[in-house]
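Chain IDs A, B, C and D follow the sequence of writing; residue 1 opens each chain.
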Amino acid sequence: MDWMKDSIMMTKGVGKNNKGETHQLTEKTQGTYQYTMGPYSKPVMHIKPGDTVVVETRDAFEGKIQKESDKPSEKLEMPFLNPQNGPIMVEGAEKGDAIAVYIDKMVPRGSNPLGTCCMIEEFGALTGTSYTATLNDPLPEKVRKINLDEKNVYWSDRITLPYKPHIGTLSCSPEIDSINSLTPDNHGGNMDLPDMGPGSITYLPVRSPGGRLFIGDAHACQGDGEVCGVAVEYPTTTTIKVDLIKNYTIEWPRLETKDMLMAIGSTRPLEDATRIAYRELVRWLAKDFKFDQWDIYMILSQVGKVRLGNFVDPKYTVGAGIEKKYLK
Amino acid sequence: MDWMKDSIMMTKGVGKNNKGETHQLTEKTQGTYQYTMGPYSKPVMHIKPGDTVVVETRDAFEGKIQKESDKPSEKLEMPFLNPQNGPIMVEGAEKGDAIAVYIDKMVPRGSNPLGTCCMIEEFGALTGTSYTATLNDPLPEKVRKINLDEKNVYWSDRITLPYKPHIGTLSCSPEIDSINSLTPDNHGGNMDLPDMGPGSITYLPVRSPGGRLFIGDAHACQGDGEVCGVAVEYPTTTTIKVDLIKNYTIEWPRLETKDMLMAIGSTRPLEDATRIAYRELVRWLAKDFKFDQWDIYMILSQVGKVRLGNFVDPKYTVGAGIEKKYLK
Amino acid sequence: MDWMKDSIMMTKGVGKNNKGETHQLTEKTQGTYQYTMGPYSKPVMHIKPGDTVVVETRDAFEGKIQKESDKPSEKLEMPFLNPQNGPIMVEGAEKGDAIAVYIDKMVPRGSNPLGTCCMIEEFGALTGTSYTATLNDPLPEKVRKINLDEKNVYWSDRITLPYKPHIGTLSCSPEIDSINSLTPDNHGGNMDLPDMGPGSITYLPVRSPGGRLFIGDAHACQGDGEVCGVAVEYPTTTTIKVDLIKNYTIEWPRLETKDMLMAIGSTRPLEDATRIAYRELVRWLAKDFKFDQWDIYMILSQVGKVRLGNFVDPKYTVGAGIEKKYLK
Amino acid sequence: MDWMKDSIMMTKGVGKNNKGETHQLTEKTQGTYQYTMGPYSKPVMHIKPGDTVVVETRDAFEGKIQKESDKPSEKLEMPFLNPQNGPIMVEGAEKGDAIAVYIDKMVPRGSNPLGTCCMIEEFGALTGTSYTATLNDPLPEKVRKINLDEKNVYWSDRITLPYKPHIGTLSCSPEIDSINSLTPDNHGGNMDLPDMGPGSITYLPVRSPGGRLFIGDAHACQGDGEVCGVAVEYPTTTTIKVDLIKNYTIEWPRLETKDMLMAIGSTRPLEDATRIAYRELVRWLAKDFKFDQWDIYMILSQVGKVRLGNFVDPKYTVGAGIEKKYLK
């Protein structure tokens, strides 16, 4: 955690010297979960920059898929998917600021099998969908219920996966839009970036008073692109520390870890998401690290790292990053 | 107008036998225009199926671009663009129904130069944009103020264009999303289809009580794709007749004219918008006109008509149509 | 045909005053048909600018699909599809020139049923394909054999389509690539533009000595986008007049009819094909018709016409056009 | 190198027990380098499965960019870029086989500055290009000449990059197409995958007699996506060992390293390249590792790894991989 003291969050955040209060955002406190991120919903909590929130997230199916014989088409009702905690209001946050979210811990919550994976009709990367519309018969519906703990995800007798949790959906509110929780865009949203796990800091653009922070969609593990459309979805107790950076205007979310800085873009087609991420990264490095714009463009052509978050959501997400060691 | 009596609207609409009341939705009645289409805004009017509404639409820039020396970057403030009239509540409309909007007349409103066209930085098809992110310098900002009347659009000494008006943005509300008026999707929205002019009927999916109809963004003329991002934008008095078709569940908007049926899809990339439109058309014709699905798929490969609405908005719009003469 | 004398072909072509010889390119003269367009194949004919060629084209399946019970997967062998006549060498053609191809007549050749349409596994717009790879089961294979004459295409008892022939594949050779006849690109190729019928002139970039003209893939009719992947394919006797325009360097093919000028782009995704076509059109009109670049960009936003050729081939084709009446 | 004995190459290759001869493919032996990969060029060498070839590759600009004041637009002549060694004929290779290429060593060749990076007009990911056609002014041309050795790439006083070489372009010949060396597709080609370095094995589909192996385009280092369009291009002496796997029919190239199996797809848009790579991987694992197709699809949703090769070439390249540890 030593690196944290040099992070953007800890050097620029207004709450960096606050001891900080800890809040509990339980299922009960949350009440009804949110299915859109926007400025029209009622706040569930008010916090100060530097505070900690312990959040009880529900799984992306809100617990409705309980056994392997369940059919997603019968249990799920569009668009009421991917329930979000929030909105959490951050004191002092205004349009043009950024909210920093440090993910401290993600602990499985409840009794096994806690994990759910499934194949949903007309959803996923290797099938016709509502947007890539085909006349083919849909793929079969499949449900996997999976035991997991803080070490492993016990997929099957043959395969055990490492527990590598991350938050799939994180955002502040857009200024006037209210966007369903399945869709990522420049407010954040359903980005599904495996890098967004414990030890990471996400910077989100503030576009409405209080920022209106939403969080949900924990994944016990997820591959690049989330190819079948679903990770190992599970309920958690997730601990985050939230700070506010004043007058730090960013167009798209950004992410920082011990070793990496990453800019995040979400749109279709996928090359445009990648273009956004890389352009943001070029501009970020040129501005804050005093690189010549063309020099850093060419340097990223040598050392840039691309993470495919998802290519299954209504918009696709890509992170473009650089290792911090090059930035000294 | 004889064809109207055989239209879907007139054969299935619940208001077809109503004499129908005429409502005035003036600038004053509207008050604040809407910049998102969603379920959270306050209705401006309640009507019955079969009623007529005379709507005072504002131009897409809400009149802020007044002379050719104006700079769009100084006059316009994102995301407060493309002001919409509405929401208009239609009595009896419920999720699973469709609302039919017959456009009767579009009359220019105010004094010349009524038309505005411009080049906006990082907007349009032949420039890097916020989604197709490049590092190139933006194109120059340009503004054209254009005289027009119900016959012609007087572009320049060299070129006169025909007055061929249509409505650029038309929609009911999504179920839970509130979507900015620049973006089309399966609710309708900023489709920019030149076919959506006087004499056309648009069918919109109802997803919330009352339907919540929004309308705006009149174009005095527009080419396929709206390549520079802007049509000849102008304020109008637009007369529409609105009806309700119960239990007529459609996934995407549809359009009917004297000669054509058209299904409409909006997404990126453009091939996916086209796929949506054609799949909807295949399914529509198979279901309502009793074609074998594969036969009509192959027939459309011979006589299908594609209209590119726009490829400049956050999502692109395509209409796929068939001439009615093949449907007897 | 009066308009022809003012066409680009007739005003700039070096053969415009030649009486012109007429050549027969029969099946026998052709011998083996071509499956790639490139600089490596042996010429079948040498002509002079202004000459006429009467070409016996074979259908896209080279006659292998003979009855409705045939299975395309058994009869067709990739990549030996879409047989082309040529290469025809045009005297004096050099890199930097353009070859003009006026299509005079397309007459069905042989005995009915002359037309073939089919659904081919993993081919077409509304199915997973080898490029839009999905795990869905393929659509069923279907074959239609169709009677046709110079008036109509007799699809079924229910539906008769108009005979509206065009050439699907037309090109000169790339400079060093040899490209299969299924793929369009900046050399022309499998563009499937319904506008490329009798009465049209296509301008093709010359990139190797003699130009090396290829032609084939006649369609008795075709809808926008050729949605199922196949038009009404048929064998023809097609009469073309070929001319040469020296030092007329074009990046992409162009098309001229009595009423329209059109630039053609082919790539994926579809918005990029459309961008290419519109950019070529902007530059063409700015250069040859003395429009201000930004003015014509905005004018095309009002009157530009887009034709979707296909969105099923390895690259998609779009034509962007303007009516000549605006160009005086 | 111990893992090699369990590799697909060493377990299935017909040359695995051959001692193997070593051939020198010098600049002189090569003579004229190749700019297309196809069946029409004259072989430069015949080898046996299991043989080693020491190849003198030239840099992607064929040494024409010699100093930082050189302008790419003046020095380079399209399409004569990315010169390839080959074609190398492999004894016994026939359509339906695969050729395995183990990269043993890549050693810089010549005197410093050996590395070249540049910004080329209308090329790269963050600029309008010939395919993503815009009207913006191009980015400036820039050239960097860079010292490098087998440890480092000395980019500037501020930044030193690690020497992490790989081969950018590797392929057998397509069956009938001859494809320029800038374009990747299912034959391989200009994939620009950083994983294709020393210690990796690439499996390429054989589609013509002898396979016709081409190799070139060495990169001293390259970031994911090769964002500016150019890596650190340099001339090498590259040592490869080539084997032949009979009756091993693959649709797309595959890659194996000590820890990973990867399938490779190349097309536009980028999501389709990713779809291809993941579908190939699903089918490969289902067939050769006896996974249930749907189970491995869901498993890859948890542990799949995506590498973006490039999103700058005429087609984009993505590798989708899985760590071997999950395959026991």
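As a convention for this text, a contact is a pair of C-beta atoms (placed from the backbone, for glycine too) under 8 Å apart; a residue touches a chain by one contact, two chains touch by 3 or more.
These figures come from a predicted structure and were not determined experimentally.
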Shortest contact path, chain B to chain C, counted in steps: 1
Most remote chain, CA-based centroid, reference being chain B: D
Same-site or different-site touching of chain A by its copy chain D, using the half cut: same
More contacts between chains, B-D or A-B: A-B
Length of the line joining the C-alpha centres of chain A and chain B, rounded to whole Å: 34
Distance from chain D to chain B - Cα centre to Cα centre, in angstrom: 48
Interface hub residues of chain A, defined as touching at least two other chains: 126, 132-135, 139, 268-269, 275, 278-279, 282, 297
Chain A - residues contacting chain B, complex: 35-36, 38, 40, 79-80, 130-135, 175-180, 251, 265, 267-269, 272, 275-276, 278-280, 282, 293, 297
Chain C residues within the chain A interface of the complex: 126-128, 132-139, 269
For the chain A and chain D complex, residues of the former touching the latter: 117-119, 124-126, 139-140, 142, 144, 153, 155-156, 159, 161, 221-232, 268-271, 274-275, 278-279, 282, 294-295, 297-306, 308, 311, 316, 320, 326
